[in-house]
Amino acid sequence: MLEELKKRVYEANMDLPKYNLVKFTWGNVSEIDREKGLFVIKPSGVDYDKLTPDDMVVVDLEGNVVEGRYKPSSDTPTHVELYKAFSKIGGIVHTHSTYATSFAQAGRNIPCYGTTHADSIYGDIPCSRNLTEEEINEAYEKNTGKVIIETFEKLDYMATPTILCKNHGSFSWGENAKKAVYNAVVLEEVAKMAILTEMINKEVKEAPKCIQDKHYNRKHGKNAYYGNDVK
Amino acid sequence: MLEELKKRVYEANMDLPKYNLVKFTWGNVSEIDREKGLFVIKPSGVDYDKLTPDDMVVVDLEGNVVEGRYKPSSDTPTHVELYKAFSKIGGIVHTHSTYATSFAQAGRNIPCYGTTHADSIYGDIPCSRNLTEEEINEAYEKNTGKVIIETFEKLDYMATPTILCKNHGSFSWGENAKKAVYNAVVLEEVAKMAILTEMINKEVKEAPKCIQDKHYNRKHGKNAYYGNDVK
Amino acid sequence: MLEELKKRVYEANMDLPKYNLVKFTWGNVSEIDREKGLFVIKPSGVDYDKLTPDDMVVVDLEGNVVEGRYKPSSDTPTHVELYKAFSKIGGIVHTHSTYATSFAQAGRNIPCYGTTHADSIYGDIPCSRNLTEEEINEAYEKNTGKVIIETFEKLDYMATPTILCKNHGSFSWGENAKKAVYNAVVLEEVAKMAILTEMINKEVKEAPKCIQDKHYNRKHGKNAYYGNDVK
Amino acid sequence: MLEELKKRVYEANMDLPKYNLVKFTWGNVSEIDREKGLFVIKPSGVDYDKLTPDDMVVVDLEGNVVEGRYKPSSDTPTHVELYKAFSKIGGIVHTHSTYATSFAQAGRNIPCYGTTHADSIYGDIPCSRNLTEEEINEAYEKNTGKVIIETFEKLDYMATPTILCKNHGSFSWGENAKKAVYNAVVLEEVAKMAILTEMINKEVKEAPKCIQDKHYNRKHGKNAYYGNDVK
């Protein structure tokens, strides 16, 4: 079932080592079929060089495995929470990419210092709070999703499609798996530039709001004019 | 039309991922035919691994598309301004390369700390001012070009063939597209060395002017003796 | 003799350049056959691109060469000490990987700042003391092993399967050669993230203990649920 | 003439991009035939991907081209001075590798923080003084060699086979071209580790002298026991 979707999810997972976002099995991507209410996700702890489209696991929105010979990623309950709360997203990716994870370990939001960031992500990239010991013991991965959702209470999850989970790593999302991986690549590059920017100028401020708005809107606003559809 | 030029511009664009200056579609190169008053530029938002020479777009010096099935790069109006104001240049490249962009985000010129810089670029690499909100709203990409030109009022654009655009990225240029990309590679390497140099020695000063002059002139001066033409 | 073991040790050694943990011949991996009391190790100073499984050297637990046309790695006496003292380990790796070695040169433990670390290594990664001049002159490589063992007097070597040797490099271990290399990769990545984390937030603290425990135990505890055996 | 030597010098030059020590044509390697008093060096400014063994240039110890259709590297007079003053060396390499050059730009010696450094280089890696304006104008490349030689007045050039030239780059040498490149790789790695070490521990001191001596001598001393000749 869902053969096309499995292939797309497989390919999006294989993009993680290609873009140098993961080592070993430290990442996972999923994509949802909203009509069927099912999503496809990478199995847990299987090497990327052994992975095939058929190894992908089909899961429903209660986290039950519907098809697949492997266990799904241990982060599956986080994906479930995000798909339920963020109704417009189609794909999710989790990584421990080096620079983004370093910001998560440092417990800091990533400020918007320039247009590389603003082109894809509106405003600060938030860093969540830690889970409490109770939340960890009760249902760690599910509550990881809950804390992400809490962090977005006053934020637009489509304009800011990525988050740092304190002392852990990052989740990014988008309209589909491929776009989620794109946003994870942006996140990692923007995180690297942010620490470099701060090293070059210890007094640096965020980019002016009018520049942030301009770049975000020329790609994502009503009158977006970046990119190409054949004329 | 301009088949040879399209091929050169295509190849120069393909050098951007080769030299690790861009991710995804975040860069563009153009080259001008001064006699015809036309330049060739990469289309907007097309993946590098799908690009062909035929996808290049021909544009005139008023920014009108003369030939091409795609929209030209959204930065085309910046290229137009630079070709009009800098009459000796033949090629232009725009990138968000990591270290150069970090200096742009930090809002700092890159000082000349050594001969790697001086061999190709004379003096500081300037960082422009931000555009005002009015300039952004009126004509963002065109005014980006105007602000670059303003920054070079008292500088020699052939001796210093590269600039940082504040909170954005960089533009580099040269006698043709290939040379513009060469200068963009120099810029990125020099930016990386500059931040490392400052980390190694917080009190570091620029290289002595006599060394800067010597290295620039042995490659670019009247009596240049670096490089080879078959004897 | 031990053909299968030689092949595994050869492959684990070849993973060192693959994972960018060594330059030239600066590393070595061994694996032990506990029943026979023999281990297989890389020869000393042979280029990785000339290495074959047959070049591996068989050594006993007194450090005597039992088979092999080359001298074993000069670090062989360190491997001997570790195999004797750490009875549960099956493989050992030594590298001078860049970030881990920089922590060793700085003489600092690597604190646990996040789950990438906690997933594989429990608590701080310790940095040993320097050998004394007497220890160096008496039996340098053997005493390197003794000092590692001393560092683990109050630590669990299976939960913390890696150490920094002051002003030198690192040793990592695991149930076999492949797992030892895995831990060396984790060490290098965790070291890189740790220095970045401290640059991003100079006041950063370790990850909360409840998160460290959760991640270590979901992979290694009694009720571990990460990873896959075919269901 | 000197076909074997040309081939070795060609291969050593090709190792520079392989080990990521140069961009474009920014480096050169030579090796000398002491009996004939001739050395072979890379031509000036020729792309690495177009280079062939036949393009190498044969030069005598007065800097005259004896054979070759190209001009030799513009740094040839520096090689001449070093071959004349350092009678035991057989090969020389010049690069602008990123981390070593950053130390040169910062004007600092690289302290010996660990055994990666001590295994190949005894003590600090020195940074030369700047040339004076007179020295630059009189004979820049030749005087670059003179200043290197001056820096080694009280140092053993075989034990410390590498130097940083202030605000410029590095020269390394060895018994032949291949060994010179080896030392240039060590220099770059050691420079990277040194700045990282200082970031990790701002109060860091050099490695104890007894460890430096031990590691240098186990590879290079009278009773060296590292490495392999077939037993």
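A few points about this structure:
As written, the chains take the letters A, B, C and D, and residue 1 is the first residue of each chain.
Heads up, the rule we're going with is that contacts are C-beta pairs under 8 Å (C-beta built on N, C-alpha and C of every residue); 3 or more make two chains touch, one makes a residue touch a chain.
Chain-to-protein mapping (UniProt): A, B, C, D = L-ribulose-5-phosphate 4-epimerase.
This is a predicted model, so every value here is computed, not measured.
Chain centres here are C-alpha means, and the one lying farthest from subunit B is C. In a homomeric contact, the two copies may use the same or different surfaces; for subunit C and subunit D, under half of the interface residue numbers are shared, pointing to different surfaces. Taking CA atoms, the transformation carrying subunit A onto subunit D includes a rotation by 180°, reported to the nearest 5. Subunit B and subunit C have Cα centroids lying 46 Å from one another.
Look at where the CA atoms of subunit A average out and do the same for subunit B: the two points lie 32 Å apart.
Residue positions of subunit D touching 2 or more other chains, listed in rising order: 198-199.
Chain pairs that touch one another are A-B, A-C, B-D, C-D. The part of subunit D that touches subunit C in the complex is made up of residues 113-116, 119, 182, 185, 189, 192-194, 196-201, 204, 207-208, 210-211, 214, 218, 225-228, 230-231. Listed in rising order, the residues of subunit B touching subunit A in the complex are 23-24, 26, 43-46, 69-71, 74, 96, 98-99, 101-108, 130-131, 133, 136-137, 140, 167-169, 195, 198-199.
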